[in-house]
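This report concerns only the one structure given below.
First chain written, first letter: the chains are A, B, C and D, and each begins at residue 1.
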Amino acid sequence: MPVYSEKVMDHFMNPRNVGEIENPDGVGEEGNPVCGDMMTFYIKVADGRLADVKYKTFGCGAAIAVASIVSEMGKGKTLEEVRNITPTMVANELGGLPKNKFHCSNLGAQALNNAIDDYLRKQGKEVKSREVTNHDEEEE
Amino acid sequence: MKSAYLDNQATTPLLPEVLETMLPFFKESFGNAQSLHDWGDAPREALEDARAEVAKLIGGRPEEIIFTASGTEANNFALKGLAQAHQSKGKHVVISAIEHFSVLHSARTLEKWGFEVTLVPVDGYALVDPKDVASAMRKETILVSVMHANGEVGTIQPVAEIAKIVTAAGALFHTDAVATAGTIPIDVAELGVDALSMAANQFYGPKGAGALWLRKGTRIIPLLDGGVQEGGRRAGTENLPAIVGMGKAAEIAKRDIQSRMAKLVGLRDMLLHRLPAAIDHVLVTGHPTQRLPGHASFCIEFIEGESMLMLLSSKGIAASSGSTCTSRALKASHVLTAMGLPAEIVQGSLLFTFGQQITEGDVGYLVEVLPPIVDRLRQMSPLYADFLKGRR
Amino acid sequence: MKSAYLDNQATTPLLPEVLETMLPFFKESFGNAQSLHDWGDAPREALEDARAEVAKLIGGRPEEIIFTASGTEANNFALKGLAQAHQSKGKHVVISAIEHFSVLHSARTLEKWGFEVTLVPVDGYALVDPKDVASAMRKETILVSVMHANGEVGTIQPVAEIAKIVTAAGALFHTDAVATAGTIPIDVAELGVDALSMAANQFYGPKGAGALWLRKGTRIIPLLDGGVQEGGRRAGTENLPAIVGMGKAAEIAKRDIQSRMAKLVGLRDMLLHRLPAAIDHVLVTGHPTQRLPGHASFCIEFIEGESMLMLLSSKGIAASSGSTCTSRALKASHVLTAMGLPAEIVQGSLLFTFGQQITEGDVGYLVEVLPPIVDRLRQMSPLYADFLKGRR
Amino acid sequence: MPVYSEKVMDHFMNPRNVGEIENPDGVGEEGNPVCGDMMTFYIKVADGRLADVKYKTFGCGAAIAVASIVSEMGKGKTLEEVRNITPTMVANELGGLPKNKFHCSNLGAQALNNAIDDYLRKQGKEVKSREVTNHDEEEE
């Protein structure tokens, strides 16, 4: 019984969209105080949508897969749509995560949100830092 | 695909000849060693033979061996059983900061039971300074437990020196020898300890068998109450096949220990030299010479252990790590932390533990596949990017 | 020579097909179930499969199974772990007078830890009266443990009835089902218990594997502190081969339990009738109908159990006894004593426990060889001489 | 590993001198409060020696073997010689006894001594009941 789902393994072995964007419209970092993992997301915005998403990540297999799937989930979406991505959605998209790795899904969604915050601030908008949480209680 | 099992600290494979000796006790000799009829005879004899072999491995007497189901059980038994038996003399216990969880958490339970526990620190090599043990001792100290060698960094402690201090102070001394028994020579008289834990699956024996060696005449309170097995000190129907396997594994270990060590030390030193030569920003953890023969441990900077393990596994290599992410409880290795390593360095922990099945080719293969794995992960790492930009 | 193993209560033989399923975990799948690399995958999967099978055997959920190394460990864990976890609610524990030593002596340890323990008596059939449990309950009672069936006299207790009383009083109810799990159908929901102990070697599984079923959400303090195995509730490297064997044995037991019982009950009743017909002054001990399917127990007057066992053994028959002389601690069976039998009757205890390997011929053989053995010993017995002279 | 030595097994399977003596010169009983075993020895005395020794015994394999060997050890000996038989001598003669069965060796020597006491009393001699013990500390 492998620890991770096939989807997680696929995104871990072949992470999509890794890297940095030169002159990004927004940069968002997030670190996990529990495990020390870190993610940095870079975004390009066009027509209110994420035209490009890239990231760097320091962390476990789950963290890398989460970053990869979040980059895919975010790309092409409107900022509002991205705001609605919850950790549970991320975990589900990956075919589930081990219980003790669920927090990684949080990390990805949060870092991408932070990048949007950064973009909006650069646009001169006032932004309250927001915490990405589940709207539901699916997390055990 | 090539494959190399370099995680013998997690468990060693079982020797085929050990399994052979176990099989009759799954078949015709299935009886209970306590039975008075003929079906009890062969199991009873095998039980005592195994006891003698395990005693011989560490220079003890057969009647001083109490079989348990694991190293963890032996450690729990020693800590809780000795502390409870001798609490009228005092309620203070001393352990090192880098003990295995089965000692560390047993000590926490002792705290809940009203004992006081002092943790002795280690240095950057994970070595306990006997002087620190001496200064931790109090009038009411009844028990000290310092492991013989640490499974995570391989450092072998100056147990004999510590034992002298503890004995002179009138306390009992236990050592967790799970990582050393059957791996390096042990003589309980030379070590001067009162109790010593071991586990068969660390020296090519089966899972499900461990033992506590307890110096004759030392009082202990059972952890498992019940029947009269093991002289009333450890109840429960004996797991004969596993015990027989432990006996056989002990016999073989005793016989082969020098040649086994020679083989491992050579390959270990090869890896300890070649890996830092092949990869930048690599730290060797643990002591350069006072270390387990097959034990090579590192911290690889800027990346995290679990992702390295997964990529190694995809290349057929089994290893382990003390990173937060590889621990189910999401705690960074308390051992590496106690050695003073910063959290992000600990995250890059990587540990290779060799067994007798290893070849020079395996070391070569590892040194070939690891650098591109490290490279790949560093390319993804924001810490590495920062480093390159001179931000760290 | 003919031979008949009629001591399945001591341990059952291992089924060859169970050993078959265990073997890979001694060989290629030797890895540690906690390992993150590929070597951990098969063990981890097998561990969870076994958990599911064991849960199914007793109608529980997989996540409610905590593997242990024996029935004794499961009982120690239940008594000590539940009492410690719930002691803030009260420190009173109730058990029956005929519990296995692993429960009885755990309860004594609880007394040393400041708990109060009440023993509930049994009647002449070894039955616990639920009313006696009810009257033993106090406001501060946190835990009651009454065994499902007794291994010495085979009596099956009215556990469901007792559980209702205990649950209504707000206490936890544990039952030692080591003698019943895999032998008679069990459904934890029907029984209404909170915790239940079992052991694989009682149902043709291996030694070294037991389990505690613990109702979801029930708090317990670990007996074995250490790593994260078993959800942090039972530390120590998992004994994979034994656990896998327990899973397989559970699967087979679940499938065959009705036909197994049918076979045993018929032969048991045959012996229960034929032995007292063949020998004078024989008492059947235990309940006439509420008894384990393969369990026939007696007291033979004027002679002592061990000498009968030895002569039976010389005829190839394995049995057991609750006599003082057969107990290593030289105590008469506390079970037979609690049933009100006088000391010299208890000395003549003799116990036959059948397994699936038994044939009608075995019963016939036993009924043929036992009477001359009894005769011979009675001829040597001063008690029998006194009896004949009318002095008793 | 059988529980008992070969010699114990031999005396258990083929006990010597079992039975009662009609009109014995002395009868001695001994019961063990620990295990409930009982032994009755019957003796005939001639010329200050045990001319015949018989016994009945209720007890374990060790008890039966002990009674048997004690009857052999006693037969033909002078009363004084018999008095000197210690539990350890009995156990040794049997090739050893399991630790928890050692008390049985006591039982045999004691019962035979009691029979001698009984004989002496019948002879009108004053007898202090004596306890058979080891002169040494061989018992562990």
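Rule of thumb we're sticking to: contacts are C-beta pairs under 8 Å (C-beta built on N, C-alpha and C of every residue); 3 or more make two chains touch, one makes a residue touch a chain.
Small disclaimer: the values here were computed from a predicted structure and weren't measured.
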{"item": "Labels of chains that are neighbours to chain B and to chain C", "value": "A, D"}
{"item": "Farthest chain relative to chain C (centres taken as mean CA coordinates)", "value": "A"}
{"item": "Distance from the mean Cα position of chain C to that of chain A, given in whole angstrom", "value": "54"}
{"item": "Separation of chain A from chain D, taking each centre as the mean of its C-alpha atoms, in whole Å", "value": "88"}
{"item": "Geometric centre distance via CA averages, chain B-chain A, whole Å", "value": "39"}
{"item": "Set of chain C residues in contact with two or more other chains", "value": "36, 40, 306, 310, 326, 328-329"}
{"item": "For chain D, residues that touch 2 or more chains besides their own", "value": "none"}
{"item": "Touching chain combinations (by label order)", "value": "A-B, A-C, B-C, B-D, C-D"}
{"item": "Interfacial residue positions of chain A with respect to chain C in the complex", "value": "1-3"}
{"item": "Residues of chain B that touch chain D when the two form their complex", "value": "36, 40-42, 44-45, 48"}
{"item": "Chain D to chain C touching residues, read off their complex", "value": "12-13, 15, 18, 20, 29, 34-40, 56-64, 100-101"}
{"item": "Chain C to chain B touching residues, read off their complex", "value": "5, 7, 10-14, 16, 19, 22, 26-27, 30-32, 34-40, 69-73, 75-76, 100-102, 105-106, 108-109, 199, 201, 206-208, 221, 223-228, 232, 235-242, 306, 309-310, 312-313, 316-320, 326-329"}
{"item": "Contact set on chain B toward chain A in their complex", "value": "302-307, 310, 314, 323-326, 328-330, 332, 343-344, 347, 379-383, 385"}
